[in-house]
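Worksheet: one structure, shown below.
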Amino acid sequence: MHDSSLEMTLSGIRLNNPILSASGPFGYGLEYLPLMNKGDLGALVVTGTTFEPRPGNPPPRIHETPAGMLNAVGLENCGVEQFAKEILPKLAEYNLPIIVNIAGKTIDEYIKIVEYLEKVPNIAGYELNISCPNVEQGGMAFGTDPDIAYTLTERVKQISTKPVIVKLSPNVTDITVIAQAAEAAGADCISLVNTFLAMAIDIEKQRPVLGNVVGGLSGPAIRPIALRMVWQAASAVDIPIIGMGGIDSWESALEFILAGATAVAVGTAFFTNPGIAQEIKQGLQAYMEKNMIDSLEKLVGAALPQKTVGGCIGTDD
Amino acid sequence: MHDSSLEMTLSGIRLNNPILSASGPFGYGLEYLPLMNKGDLGALVVTGTTFEPRPGNPPPRIHETPAGMLNAVGLENCGVEQFAKEILPKLAEYNLPIIVNIAGKTIDEYIKIVEYLEKVPNIAGYELNISCPNVEQGGMAFGTDPDIAYTLTERVKQISTKPVIVKLSPNVTDITVIAQAAEAAGADCISLVNTFLAMAIDIEKQRPVLGNVVGGLSGPAIRPIALRMVWQAASAVDIPIIGMGGIDSWESALEFILAGATAVAVGTAFFTNPGIAQEIKQGLQAYMEKNMIDSLEKLVGAALPQKTVGGCIGTDD
Amino acid sequence: MTLPIIHLCEVLINREVKPGFYELRLHAPMLAKSAAPGQFAMLQCAAGKSTDPLLRRPLSFSNVCKKTGSIVFLYQVKGKGTHLLSRISEGDYLDVMGPLGTGFKLPKPGTPIAVIGCGIGVAPLIYMADYGRKHGHDVYAFIAARSKDSLLGADTLTASCACVYTATDDGSHGVKGNITDLLDEAAGTLALCKTTYICGPWKAMAVSAEKCLGLGLACQVSLESIMACGIGACLGCTCKTTRHIHYTRVCTEGPVFQAEEVLFDA
Amino acid sequence: MTLPIIHLCEVLINREVKPGFYELRLHAPMLAKSAAPGQFAMLQCAAGKSTDPLLRRPLSFSNVCKKTGSIVFLYQVKGKGTHLLSRISEGDYLDVMGPLGTGFKLPKPGTPIAVIGCGIGVAPLIYMADYGRKHGHDVYAFIAARSKDSLLGADTLTASCACVYTATDDGSHGVKGNITDLLDEAAGTLALCKTTYICGPWKAMAVSAEKCLGLGLACQVSLESIMACGIGACLGCTCKTTRHIHYTRVCTEGPVFQAEEVLFDA
């Protein structure tokens, strides 16, 4: 018998399993967590948090596309103070590592948010969202410029006592440049991908569908591109990677792990299937048992050219 | 009554309608054209042509993804000489403008191909493929570096007597930079997008699915990103744009036109529906009649912020 | 509060009741127990493992039979999702998430109420009318549509309503005119109804609500919005109301609001 | 040559014949007229306007009745596409593109032939056996599968074959063993067949072909490949054969090749 445990450590954060909520679609977790079993989620990554409350963009904010969706929520959130005072206490009962996704307009805003959160208990780490396509300043501009990404990461690292995850934008020519900039600046982990800048046009109104004109594309449609970027990033950096983008099954989660992701995050798939985390967890466990792999680590990056994996792999079919 | 004609001129090439075959999926047209009505296609863009014949990549070359597909054909083609001598004469009966998609490993190869084709009759224009993700040298590297794109375009323009279309890669941070480089170098037209660099992993074999590891993602999955890029490019350049990426209906073709494309190209959709060109043609015509628009030109870029369109638009629903 | 959960429900009936309009009846005992009028469910329309359409589709409960454990939806085929829904056969299983949202509130006991609906907007009102009657209210229905071919509920509502007033644009059923014309025509009866429940297209809802509020009647409206999660997490479905400075989530705080809260012109 | 075209065909039968294996019978008079054994069609499996699954799925004609104008496919549920196919109801319409590809060639008149198939590979051989018999050939069938639950054609083939030899891995039907064991067991009969037709998994096909060629028999194999266009345009389906230095398109030059042309190990 093999003990196919999914327990792991991600940049110092102990996780029950490698399945995280992607920041945004899961909100603060207060809606989905009551529908799930304890232990289905490895860590909770909350929605993008700014210093002040933000109203978000005008509707329509959502539009469905083939195997994907556009969103232009625009970082609507209650601000870091209300998050810390009202939301965080409610999350305590779920006994999960909580990672705060931080979105600033300026480097100083990121710093202010981290400074604030450093004084708040029960936060496991920060994810710097330098890649949101739905806000005018900051957001994606940070994520496409390696110098700004470097500076931001370095400055946050100087004041943070917690692991810092840098979340990369896929809207770049070469993902490895930004990944390496984040690593060089001391990031503990990178996560990718955020959404792809995209749009749809209403042919009757002859105007963009979304209130914000452009939005971010997520869901299975983007998975093959996201997977390629994780694969490339995994060859370029040594820090752990949280892979995401269209994961909607244990098989697709495993693809990201084989491409080099230490953990995975699920966003859009929760909309269709609030039980997706459990499905992924059970699917990975069954796969590991079938292939007699006792630790998930052995699968991380197993499809990369330089790496080979222990355990017995491959059915003859 | 309104005469909703789709006839138009694209960088000097007279087209019966704005619907082109995207280079590659349509091969040399010899398979699909016999299944179509004369006049359904505005122009034929043939598959990527190199100077010497190319064997292409090892199989598997194709993999289906949600609402999309990966291909890593790798520019298998018979070379420019055989194309000119054997294929081109067979295309004569279809009486269509023929645009040759050119793919070189080096700038000199592009030049050699154009020099060769300059002596061949019945070619309406060239499309410089600087964006194929499936070849080692040239290909996408050209498409992501504005300087190389500029030099290549400039050199081809120096020797070409035909319109030169530059086909852009979507695998870039800022599509407008490359679009403007092509325009500045004298390109008569740009076409976008080529496929997105992407991949899939076989979880049983723990290896990439495609023989070439990575491939190009096409189909409806990429449409919202492609549309956003056309929208951005349309605001950045004054030369006409051929829009493509996941077009599979007249509605989606119209989205690209409203975003600023003068013409559209269809690739992957032919696989499912060889009658797609006719459907788009008839759909556009019906839309124009319903909205009393007598020329397609009036719709080009109508959704862009600075432009407004004549004709009566918008149903109250 | 009942937590929304996923139910795999057997399809008992899925038939076209008017051109383009379908009645879907599911065996769903748990939902039948918990679903309140004005609440909705999110239905998975994609077949098998297909990811297109990706998102669930929101449909209001149009009736509920607690005894047999069945629930009814009334839906109009609009696009990809509802088209696929219309092709599902009896005996198949549907993946339904619910109950969702905040539904209609009952008025003071004994007072008459009105349900006012246009087109497919009648769907949730059928359940509300039935529910109102069962709670001892006299119910009056005011329903409108383009023509009798798209007029829904005219028959069903007679069972629960004291009177069913109808209007069609082409005069093929009832008054010739739209919902406003109908409300004017039957203003006397309307004025008796202390509480009104409205559902329909945005504009029709706005003018009907204005009329009711003008008559001093309490007025609840059921809003539509594009939804992704349906449970309040994604912030995709927001609209402007007086409840918050910024945006209000239709899926959880609504879909039913007091008409005076809704900023129809925002 | 008949140009492949799109046919909208009514589904006459779509039933599970063995666990996971379906028979699909369509009303398709034009296809029935033109479809030759070894040729195939590309079926649209996505429902309505869904774009997932995106591509058509290739299936070989498993039988054709020119009189009634119906065609038959035999398919195994593998993934998304065939799963959706299995849910299509009788009376629905299917979008079928065909006939496609280059099929089996008949041998010299009067000579006996053998069809050799594993699992779902039997599908095209049923048509070929029938066709061979109608052209005056004695037909012998050699079919293998994991167990009797996945052994296809054992009954159907008796109508057209002089003898049907079967093998299953678990011995639940016929010889206990795989296709090679079966060919060894019945080597005497096999040797009589001047031409052999093989279809099945790549490896089984390779060893069976080797055996036939070793016995000096002519041998045609029907290959599988992932296909996008099915008509020779996209160059997605290529394999290595001796016909070209580089690659050969399975969809048009094949799917049937002379066994000695195919570079099974490339």
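Observations, loosely collected:
By written order: A, B, C and D. Residues from 1 in each chain.
Operating definition for what follows: a residue touches a chain if its C-beta (ideal position, glycine included) is under 8 Å from a C-beta of that chain, and two chains touch if they have at least 3 such contacts.
Everything numeric here is computed off the predicted structure, so don't read it as measured data.
Chain centres were defined as the mean of their Cα atoms; on that basis the chain farthest from subunit B turns out to be C. For the pairs A-D and B-D, the count of C-beta pairs in contact is higher at B-D. One finds 46 Å separating the Cα centroids of subunit B and subunit C. With each centre defined as the average position of its C-alpha atoms, the distance from subunit B to subunit D rounds to 37 Å.
The distance from the centre of subunit A to the centre of subunit B, with each centre set as the mean of the Cα atoms, comes to 34 Å. In subunit B, the residues that reach two or more other chains under the touch definition are 65-68, 219-221. Touching two or more other chains at once are residues 51-53 of subunit C. Taken together, the touching pairs cover every possible pairing of the chains. For subunit A in complex with subunit B, the touching residues are 65-68, 70, 144, 171-174, 196-201, 203-208, 214, 217, 219-225, 227-228, 231, 246, 251, 254-255, 258-259, 287, 299, 302-303, 309, 313-315, 317.
Interface residues of subunit A, counted against subunit C in their complex, comprise 24-27, 30-32, 34-35, 47, 53, 55-56, 59-69, 71, 73, 76, 219-221, 248, 268, 270-275. Residue ranges of subunit D in contact with subunit A, taken from their complex: 51-52. The part of subunit B that touches subunit C in the complex is made up of residues 66-67, 220. On the side of subunit D, the complex with subunit C involves touching residues 46-53, 80, 83-84, 87, 89.
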